[in-house]
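These notes open a run of structures that come right after.
Both of the next two complexes hold chain A, though its partner changes from chain B to chain C.
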Partner chain A sequence: MPVTSNASAQAAPAAASQRGRGALIGAGLLALALLPLVAGASPYMLGLLISALILAGLALSWALLGNLGGMVSFGHAAFFGVGAYGSALLAGKLGVPVLLAIPLGGLIATVFSLAMLPALRLSGPYFALAILAYAQIFRILATELDWLTGGAAGLQRYPGLPTVLGFNLADRAGSYVLVLACVVVFALVYMALRRSHVGTALRAIADSEDATRVVGVNATVLKTWMLLLSAFIAGVFGALNAHIIGFLEPDYAFSGIWSVMPIIAAVFGGYRSVLGPIFGAVVIYLFDQVIAKSLIPVGHQILLGIVLAIMVLLAPNGLSGLVARFLPRLAGRGLSNAEKGHA
Partner chain B sequence: MLELDAVTVRFGGLTALSGISFRIAQGEILGLVGPNGAGKTTLFNSISGLVKARGRISFNGREVTSLPLHKRARAGIGRTFQIPQPMHHLTVRENLAVAQVFGAGRYDEKRIDEILAVMELSHKADADAATALALQELKRLEIAKALATEPKLLLLDEVLAGLESNAKRSFMLKLKELHALFGLTIVIVEHDIETISGLCTRAVVLNFGQLIADGTPAEVFNNPAVVESYTGTAHA
Partner chain C sequence: MTELILQALFSGVLIGSVYALVALGLALAFGAMRIINLAHGELVLLAAYMAYLVESRTGLDPYFAIPLALVVVAAASFVLFLLVDRIKDHRELNSLILTFAIGIILTNAILLVFASDVRTTASPFLQDAVSLGDLFAMRSEIIAFVLSLVLMGALWWWLKSSWYGRAVRAVSSNRGAAKLMGINPTRIETVSFLVAGALASFAGVALYTMSVVQPATGHALTVKAFIITVLAGVGSIPGVFLGAVLLGVTEALTVTLASSALQELAGMVLFLLVLFLMPNGLFGARARRG
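Up next, the complex of A and B:
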């Protein structure tokens, strides 16, 4: 009779769960990649999916700041808008190639986020309010600095996405692939960061700052890095969006929607996980635009609120929490089937 | 090793510590004693950098008075809190890993396993720190975290409080073992005279933020000022 050690008996379900989770992540990303085919690749559906992925990137950057930096932001529109304007101005006025202007837009958002550093001493609602005010300041600046930003009329004459190696990034399919690639890259960066010792320390800071500082963690520096990284990611997606839609005006680029929607998406998907905000954004955006809008053409956001309220009440950890709750059962079922097979 | 010179801490109009001066030699186990509100934890907070103090605090010949908390930890000042403060959403092993990487500046899995074994936490290594540990285990984790930073000086704030007498005795033996094993200098805040007498080579007594006695445990506990501070009456 084979003898199984206690440790290996415990490790088996864990490994099965890990395998299951890996398969789920792979399947999820594959589904996102194949969504345009499923959606019939109509320009309208592709447009919706691109917007959903832009929101996914923004939600990812919001969740990174909340999950690893312990900071709740009500002002991600600031980074999104600055990235958008930065990239559009670089490409439109200085002739910087668009694919270079986009990361530079993210970099400009990062530089401007340095102005937020004094707010890092604040916590909870005080930080949230400070960053909200910050977003308003940039909307006003973009309106008032006529000579640079075009003022309230905005910017329209700047280049769109280019064609690379015969692949036209400006058409819907090309834009979709580019935005999806950016989401995947930033998700991988976020995952790697979370798994590192820095990520572990950051999660601990969110719990108790003194407990981490007393063992040598420089909480202020780590939180600063998270703010800068979050601003960079938001700026890149703002820049991508600017070059896809082809126009910018302050009320759009710095709209409160870019502050509120990533919160809704991340909370709906489960902001403590990496994939939660991404899938949350796709599900919630498509629900809003396809289902809610067809039911209530004006004021459809009310349905969004109801769905979010139900999710928060029934599954506070969001979609990813629901998956995590049911995945071990599926993995366990798979394992017991495998054991039966061996018997 | 540690030198305090006229250390004073004020919170608004309240003077929590007033001109505290004493030295601690390498390898000492010093008991910090005093009634509630005497300033013991405030003294720990000022040594470890949690509160700002006036005066001068030197550690291993280097002035650390204005160094931030994390830099003092990296310099070799480890501490525990009276109410254990684990990093709640991390496992026991992750708690130690963070402490080691940031406090000692390196990651050594083997060393973490050794600390877990010494602190009798190996069986809980991958358990969630917040939900899976009993009080005594949380106190051991608190010390294990400090040890992972590879401290030269360990400040223990009432680590024996709340333990029943058998657990207290075994914890005392554990502290002696750690002292010998890691070559530590230890300062321990403790109310129990028996514990201080059994563990420490020297005791310093605070009362109302002032140092009122310094000597061997036998000397300080027979000091009339100390007896009065505890009982409110002069020693017969």
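Up next, the complex of A and C:
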């Protein structure tokens, strides 16, 4: 592929220093993320941060599909809920160890996403709404299949996170570290993917799908992989969340919130970067729970709607785009690609 | 049993006519700007709450709210147009997200002002049953049905015969050529959004008189309008009407034969079936594959 050699030739001279800077930024952020544990944050604060990181993982999976796959999803709640129910049922009914059930929950979400493959051939809004339809269907199925899911009454008899090597994952600090680790792992996978040939090909597809087909890239297959990966990540975080809160009901697990919040978080942080959605999720979630809820107890989402509208209009590349524009030296390649067009 | 099914068919046609008004508004905005306005259902909802406002404050019939609804909704639609028009990059994707955000804002604004309670008309005159043979309907449903048919007729005439209507069609079929013919596309897009707002106003007031509304109704209406667009394409008014009636009938039959909890599921399944099996819509409208 001419596209690939071209891109890597340009990237080569700056790559070494950029990688060093990227590692430095990564280490700094990780230290920042571990700060609450060292500083002894209150259980309430840790609880908020855990939920924020769950959302961060979901936003990452949404952004992966949006950025690499070029598809807007209005139904990520489908994957999140299927992952949650899958893992809870495996652990609760079949006795599968929780730490195995969580990735299996992700796999189940992936399998269910196969049902959405016909939707991949649809363009923009049709895909977005088709996936919304799936999320609704799954919510109704979870309510109606009560022999399996406990119906509207919900599911509560399934194990929480275990203790591993004397480290209790079920307490707040343990859950926090586990969820944080998952976010970091998937962020690294996403970064590696974006740098790989697949990432280059996907960027080319976003520019011109027809032209890319001509040079022999199978766009549909690549998009399929992105959908499956996105579903897996969303499913894993749904499963993590299920074992942390210890209670599931269809209206919660498939709630529209899980479709809406990742969009707001990713657009706010900048969905074309890797760190943007993560950072955006933490900021948006804390803003919503701590500030917006105390200002407007009912209807606090109006502030999120306003934030989303303002970001799309004034800074479509999100916070990471703004950072890249005003602090080009700090931003580096790890934080944002916004400067290089939408590449 | 046959009576129940006939009754469901009848009710489905009546509510379908109002769905058609909602879907036509969505289609107009789509035709002009090539964007799906995900806040369109919320515009309809806004009109419904204007009807509630007028009825609860003055005791007048909800239909007297139509002038107020027209002004408020047209203004909201105009602001929405101005915002969408500002988007220059990745228009399709960013306009989806923007109109989605505006939908969230409108839903929550209505929630803040009117609370989350379910609202419907209190007028005994409108809720009275009228019978047509063995079939029954509320008086408001009959009025809404007639009103919808009249409005669709008016829209058809407007698009076919008036200068503005023809310009709307010209812009939606070939923007560049329309511009060369001396049509100002921005002006035509504004007109499309205003007419879409007007349709939404009537639909909202009608919906308030014949059904129940709550803040979450707006989003559900957007989805219904989109489903109808998929069923019928955006090409023709009779097509949209048939698609809307099909959705209304499917929902009504599901409620009669299964349960009301499955009502939305029926619409979604119908939507996916048509999307995958007949991607050009039931009546072979424009292609939508990417």
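Everything below uses one rule, namely that the second predicted complex is superposed on the first by the 295 of 343 C-alpha atoms of A that agree within 3 Å, B and C clash if a C-alpha of one lies under 4 Å from a C-alpha of the other, contacts with A are read in each partner's own complex, and residues count from 1 in each chain.
Criterion: a contact is a pair of C-beta atoms (placed from the backbone, for glycine too) under 8 Å apart; a residue touches a chain by one contact, two chains touch by 3 or more.
All figures in this text were calculated on a predicted structure; none of them were measured in a lab.
Applying the stated contact rule after C-alpha superposition, one finds that A:144 touches chain C and leaves chain B untouched. By the touch criterion defined above, A:136 reaches chain C but does not reach chain B.
Annotation for chain A, partner touching more residues between chain B and chain C: C.
Once chain A of one complex is fitted onto chain A of the other, the partner contacts of A:267 are limited to chain C, with no touch recorded for chain B. Contact with neither chain B nor chain C is seen for A:166 once the two complexes are overlaid on the shared chain.
By the document's definition of touching, of the two partners only chain C reaches A:301; chain B does not. In the superposition on chain A, A:215 contacts chain B only, with no contact to chain C. Within the superposed three-chain model, A:95 lies out of touch with both chain B and chain C [touch as defined at top]. Those residues of chain C lying in contact with chain A across their complex are 36, 83, 86-87, 89-90, 92-94, 96-98, 100-105, 107-109, 111-112, 115-116, 219, 223, 226, 230, 261-262, 264-265, 268-269, 271-272, 275-276, 279, 288-290.
By the touch criterion given at the top, residues 48, 50, 68-70, 73-74, 78-79, 81, 85-90, 94-95, 97-99, 101-105, 107, 145-146, 148-149 of chain B touch chain A in their complex. On the side of chain A, the complex with chain C involves touching residues 66, 72, 74, 118-119, 121-130, 132-134, 136-137, 140, 143-144, 209, 256, 260, 263-264, 267, 296, 298-302, 304-306, 308-309, 312-313, 316, 342.
Put simply, chain A touches chain B in their complex at residues 197, 200-201, 203-204, 206-208, 210-219.
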